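Shown next, in structure tokens, is the structure this report addresses.
Which chain is which? They are A, B, C and D, in the order written, and residues in each are numbered from 1.
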Amino acid sequence: MTALTEIREFLATTFPQSSGIVEEVGNRAATVRMPVGFNELRPGGTVSGPVMMAAADLALYVAILGAIGIVPLTVTTNLNINFLRKPAADRDIMAVCRLLKIGKTLAVGEVSLYSEGDPDRVAHAVGTYSIPKPGTTPGDARLR
Amino acid sequence: MTALTEIREFLATTFPQSSGIVEEVGNRAATVRMPVGFNELRPGGTVSGPVMMAAADLALYVAILGAIGIVPLTVTTNLNINFLRKPAADRDIMAVCRLLKIGKTLAVGEVSLYSEGDPDRVAHAVGTYSIPKPGTTPGDARLR
Amino acid sequence: MTALTEIREFLATTFPQSSGIVEEVGNRAATVRMPVGFNELRPGGTVSGPVMMAAADLALYVAILGAIGIVPLTVTTNLNINFLRKPAADRDIMAVCRLLKIGKTLAVGEVSLYSEGDPDRVAHAVGTYSIPKPGTTPGDARLR
Amino acid sequence: MTALTEIREFLATTFPQSSGIVEEVGNRAATVRMPVGFNELRPGGTVSGPVMMAAADLALYVAILGAIGIVPLTVTTNLNINFLRKPAADRDIMAVCRLLKIGKTLAVGEVSLYSEGDPDRVAHAVGTYSIPKPGTTPGDARLR
């Protein structure tokens, strides 16, 4: 089973409510597609900010799982996002993550977000995930 | 019609897909409730990061509309969020925003996020919105 | 010896090149003064951004040392700063830090920066420090 | 006169207290060297955080001036920096900026920071500058 298949199955099982689709993962990187429909739009015919934040967060999570294996309790500790251009209302959002660091307890990555087919970034994010030590229980995960 | 009612009606009309509820607005501040149910949870019995990001973004938007009036094309340019503690899975997220600055073109605010009824912050965000000049059309809004 | 005296002596010994002065520390908070002279100014008669970043970083460091004791290898992992208003060229910068979280491995705080005597913030920062485990050597400190 | 020479002369005249050296500018990018000596170090034999923040801020400023010309009142509105690895105490910091957006009123760029000669980033920053309208006076610059 490839990493891509394994991560897709993990997400389908544990995040069934997420609409993001993993397109690629590996080499400390990942690409995620966030489908854009009525629920993702906001006034002015553009994609809402939280949809892009969710895409960035998911791309980071997938890139990290691709690098360290399935560690479900890996959690975001910080996300910073800059919105650069108005996304197209009729195109999916593509989030392309590249990891900048994988440490023992923290991983950091940057994410470029695009309207599919347009080479200009619509947003750019940088985020940090905390990687739990082996044996961490859910109750501990946000306490680090 | 109070500002609270006016903003609620504006959001119901233009963001019908948003599940956030405006609880308070005024004095350069706002409080927003994000209901937590199955769709808002993630593994480990906790609220997903994007739900908290959406709550922070909405609280900022509402506080700014409360201060400058209904300017729909006001858009987020930057959001930074730190996740501090594990939110309760069975409580709504309350996002309390306080504006730090309302300039002619940029507004900045900070948001403390709580699990309802618990005084310890689960997350803290700071965000910037760009306020369009009068006469700005939707196509211009992200170009600033 | 009070915490204030102890931290001042620690800084004088280990950061002799820092010009910041610790004014208060305790209760998960700290206030630091950054003297403003020719070296701290930039065109337009205002304080340079890096001086305010240094003040914010130092206020965070001092607040954390006040809470956990003198742990020299505690290092910044993330700092986010928003510049809000033009600082006065003839007043010191006062940085007031309040900690939002002190975990086992991460501490997070926010910092409001003022021109001395003016109640309007000139900048606002949020930062994260990584707290090393007992026994960490300098070579490990940035590897987390 | 090349852009590089012009920007160096502008910085030498208006920021004589800055120790950063512009190495390259153009194509929406810039590289800045921050010399590392006693004043730039901190306990553990590493470069202090504020030195890296100053390098990131200067690289952004130079890249923007290279793209829009010498506009002195262009000011930082937001800077986010992640510290990734321990920099070498005996090497200069090299800050490599690439602009992500140049709008009419806001410019955004990302900066990778290195210890000279080492290909692994020691830090990564993203920042926003506000570009004043023609005719803006110093007193207005931070009011946007």
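The working rule: a contact is a pair of C-beta atoms (placed from the backbone, for glycine too) under 8 Å apart; a residue touches a chain by one contact, two chains touch by 3 or more.
The shown structure was predicted, so the numbers you read here are calculated from the model rather than taken from an experiment.
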item	value
Contact-pair overlap exceeding half with B-C, pair selected from A-D, A-C or B-D	A-D
Between subunit D and subunit A, distance of the C-alpha-averaged centres to the nearest whole Å	28
Whole-Å gap separating subunit A and subunit C, where each centre is the average of the chain's CA atoms	32
For subunit C paired with subunit D, centre-to-centre distance based on mean C-alpha positions, whole Å	21
Residues of subunit C touching at least two other chains	77-78, 80, 82, 84-85, 128, 143
Chain-level touch network, classified as line, ring, star, complete or other	complete
Parts of subunit A lying in touch with subunit B, wherever the complex brings them together	14-15, 17, 38-46, 48-50, 53-54, 57, 72-73, 75-87, 122, 138-139, 141-143
Contact footprint of subunit C on subunit B as seen in their complex	80, 82, 84-85, 100-101, 108, 110, 121, 124, 126, 128
Residues of subunit D touching subunit B in the complex	77-78, 80, 103-106, 128, 130, 143-144
